[in-house]
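Just so it is clear, A, B, C and D label the chains in written order, and each chain counts residues from 1 on its own.
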């Protein structure tokens, strides 16, 4: 099962969809289903054998571009495709062919970011994802969405420039784009240029990864986008980006300087996000701020992952939890209420999941993260995390209280698919799957 | 056996989610009886002394990389006998209480599951996991009340308690790299003390100890009574289970003493308990809502347990456990009775009720007995518990705690009579209501039974808690079935009972020899006034603001109430959040500037490092 | 134990502890304080004044009664627990006294409730009241103060009289209303 | 403890119950006599109490308001007798070794509670208000009383009244608690608390005949009122005895021998009579407080004095 299919299929389908307009959505659905199957197969392969390296076009690295599918990327690829499928069902008839095309592009892009082992490809996929997402955000075609899309686009393009510069700096020194190649020879780089490139990459990817203060676009974009798109953003591009940060930070630059930097950024992002969410009246805006907070949490986990194995596990759990819960909440936010049993279920389960109650995935995420923190003797981080957790509890309690039981207007398919999406967090929390996966070697990096 | 039971409960919880009302009730009842049977079976096999058995029934369930270890420990055994019997009765009660199955039974069964998990947990992770399950399943039950204050305060406070406990557990983990209760010993340094205090605070939130009680009045007074019966009877005891675990089994009390050499920290816990007993009692008899009154009375009665744990002598702790046991049952009965009254009359305000007891005699009897136990009328088991606590306070020479807890005991009479008179006696305002349905009455009387047993044999209760005390390194009192001996005095139930029998003789003689005539309620001395002239419309019920004179004196001292302070904190947070929100100006230009600034800053960081 | 066996002791006891509830709507009320206080100290005979008819043995009616007040008197009397006695003070209770020709005066009290002792005078002096009580004690001792039994025996008759009095006033009121109506 | 001992003990207890009732009824009459003398009246004969009770019990009709109303009759007399049985009386321990001060304190609540239930069941608003006042009074005077009691307990390091009496009579009158400085204060406080307990003026607020028609017992007559009178009579003995046991060594002056018992009994009788007379004299000298005034009096001034005594004792013991 060749991982490149995961990118190739959606790209191809995306380009042939315009040929048959009205069948577009169904074709896209098929493609997504196929992709999901492949990703699950890939996941099982990685689960059994460990990291998979695939070389494209027959050149050996460092010349040839290649795909490196490690445990985390396999998991994320599966999550992204699976959730994309469910989410697409949830969006249902709202999608016409242009939308489906963009959707597929975004999915393909974020999958690519996850599974590529080559920073230039990473940049390319970033571009694909970003452009698709701008268009998707704008796809509601009203003033709000336009505003959001434009802000997103401005910052996104700014970010991609920085990424490009960062990559260029590295290439200028090492004449290589392969992550592992770079990682092995990073020490030979000239220090100043190395740090410059790190800064560039962090900034550039940080824009997509919603870390403070690069996430100015987030509230407006999420508020502008329709529920389906917002949920796609929350489990697709943003997760891919945060994964990219994880990969670059953990593989290329696992250094103490970076460690403290990333940790600080994470904590600040967490606090800012949660606090800003507390006052929000608009649901989508509140959820947007809340996802900023969650991103902060994941960033903290990444930082700690540089010398704590538990933190790596935390990254896994947190990503899954946030992906499923936040995506379903965004889908829910389209209509002002939880009337039927399915939507009530969705609302409650996803809130419990995102606040991190056992046995949801979020709990394990918090658990392992705090374990790592206490091993690293960082009481202050723990206290801050708890504080933000209480704030989170406060505004989610308010959210539940406000929207529980109101009438809503969802098609049955939408309701059930969002319920399934919410349940994912519970499933992944109960199964020892992710745990096992996390224990597998993660890019064979130092410190773990 | 245990794991099978847990699995059955889980399955039943899922089933009851879908089936109809009656079937759900029956399934829930059947399933909730199972663990009780298991416990009694265990008792019949080995007697009450598990610890001498040497073996622990333990199982482990793998989940997400960790395994949940459950075992029946002596302490867990005692608390199981206290908490698990509540569930069948509550299910029985709710059989006719609910008109439709809207998610009461599944969540209640989840609560049962998690409470079994909590009291049988063998390591802190398991404990915490089930604790959290308890939190959210009970949150969902609170949630059915749709009351803003109740929902929000419960959610926020329980997450606060969760985080405090979590913090404590983490520190403990860091100190001994293991979470098995058997292998934990808390070091006596700043970290360890922080752990203990945060754990106790976390538990104190659930077992409504002032000033962390603020959520209780809202939640208790707005949720359905069957659930509140569990909340007041069971959940609060789980909090004290945790406290016992930390203070005695993990020897937290000793750690605190060795750390704070000069000021004795346990005294502080005792003082908190005494204050919450005293203040809550004073607030209680100023309430007009029956459920709010009962809520404050719970806060007061639970305060006694904290006093016992604080004093920490064998006397005190056995008194506290005794009190916990009694409270579990009589408070459940009282809340169920409130539910029954509301079921018939649809009213909770005492000023709107009155004379219900004439028409609902059995409900009244159950309530009366529960209230006797609450007010610690002698030879009820309530008195034995309070007596032990008083003795311990005198024995330890706690001159601040002792008078306060005694006067709180007197105050209990006041709010007890508020209920008895305002709701059940006085003017016959509901002449044509019926007695509560049989299932409800049955439930109440089932819960009264244990109190009756320990009324005559307080010694058996001490036998029951013997192993728990031993496992907490606490000596046990010398006693037999009837007599409890302490260094200060002794309490002999059989003497009291015999004396009572003898003392009843003249009363009965007078009562029997002189015949009496029962007259109509309206044939009443009203200074010669004639009710029938006003078609009996004269209000003869002095129930609204019953304790007005004393209310006007002490009322102002309890304004504006604890919740307002918490609300002030909440508003402060909102203000901060408003300030933070302003960072996102909404102008793309500013954001671009942020990005560049960020870049420069981290570059600066790298150069500086 | 049956009442008859008791009755000997009971009479002795109840004569020495007469608790009275006084229905003081008439001007005779002013004569009670001296009787109770240190001048004529009733208490030495074990006589005390009670707050409610439930506790009292003697109903003391001090003078003038109207139909309205008669209703209350009857209520109070029926709420007392037998053996119970009635002492009527002043001439108003015998024949309406100086209000004999008023339309709503109760002329003869013992048409409506059984009176054990009348005290003549307008007003009777405290000595008179003391005398009445001593007389009542004597009667009780001899077992002659049986007003409460009379009331039980001729209940219908008493009721009829009472109804007549009440209805009379009702009629009057109706007529008045009619006149106003015209 | 074999059967015969139990029989003897219960016989003694029953005998003392009768004696207590007798003394109580006597005190009712004598009390009225004393008050009358203060008012410069002749007053009723000293045996008036017996006459009244006999009369009430021999009433022909007794009005009840249902079974809850009857609880008052059953609880009140049995509860107070029970409380009496657990007090040491004139050196005779009775059952006081099987219980202690807390037990007595709570036993005293049984008749009050039954009384309150009956009053409530009578459905008369006056009764309700009366019970409210009675309970508030209880809350008021218990605080200073309890504090003084705790002072005693801490000083003698026991809670059993029998033990307290023993320790006070180790060497005759000189070792009575009242001769120890802090307990002079405590005794003064406790005596005012006793005034409230006995419901004498200025604390006869619950049964205020002129305000609320004798409050709780507005509907009580015949045998019910008779029982309540018996209860009142015995409670006088019990409460004064409690005071005497606490502060005046239970009237114990000698040990051993039948003579000592008789002497102790006489001393005890004299002492409770003195305490009772004292409260009567206060009673005659005062009008009635309002309930708020009573509450403030006890919880402010009395409580502060009691606390001073308690701290003094604590400081002596530690």
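In this section, contacts are C-beta pairs under 8 Å (C-beta built on N, C-alpha and C of every residue); 3 or more make two chains touch, one makes a residue touch a chain.
Since we're looking at a predicted model, the values are computed, not measured.
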Intersection of contact partners for chain A and chain C
B
Could you say which chain's mean Cα position falls nearest to the mean Cα position of the entire protein shown?
B
Set A-B beside C-D; more C-beta pairs touch across A-B
Indicate the whole-number Å distance between the mean C-alpha point of chain A and the mean C-alpha point of chain B.
44
Chain centre separation (chain C, chain D; CA means) in Å
38
So how far apart, in whole Å, are chain A and chain D when each is placed at the average of its C-alpha atoms?
78
Cα centroid separation, chain B vs chain D, in Å, comes to 36
Where in chain D do residues touch two or more of the other chains?
59, 61-63, 213, 218-219, 222
Interface hub residues of chain B, defined as touching at least two other chains
523, 525
Taking chains as nodes and touches as edges, what kind of graph is this: line, ring, star, complete or other?
other
Run through the chains and report each pair that touches.
A-B, B-C, B-D, C-D
Considering only the defined contacts, which chain B positions touch chain C in the complex?
513, 523, 525, 528-530
In the complex, the residues of chain B that touch chain A are 62-65, 125, 128-129, 132-133, 135-136, 140, 143, 146, 148, 151-152, 155-156, 159-160, 163, 166-167, 170-171, 173-174, 570, 573-574, 576-578, 580-581, 583-584, 586, 588, 590-592, 594-595, 597-599, 602-603, 605-607, 609
Show which residues of chain A lie in contact with chain B when the two form their complex.
150-151, 154-155, 158-159, 162, 195-196, 198-200, 202-203, 206-207, 213-214, 216-217, 219-220, 257, 261, 272, 275-280, 313, 348, 352, 355, 357-359, 361, 363-364, 367, 370-371, 373-375, 377, 382-383, 386, 389-391, 393-394, 396-398, 400-401, 404-405, 429-432, 434-436
Complex interface listing, chain C residues touching chain D:
3, 6-7, 9-10, 13-14, 16-17, 37-38, 41, 43-46, 50-52, 54-55, 57, 79, 81-83
Chain D contact footprint on chain B (complex, rising order)
355, 357-358, 364, 375-378, 383, 386-387, 390-391, 394, 397, 399, 402-403, 406-407, 409-411, 413-414, 417, 420-421, 425-428, 483, 488-492, 495-496, 498-500, 502-504, 506-508, 510-511, 514-519, 521, 523-527, 539-543, 546-547, 549-550, 552-553
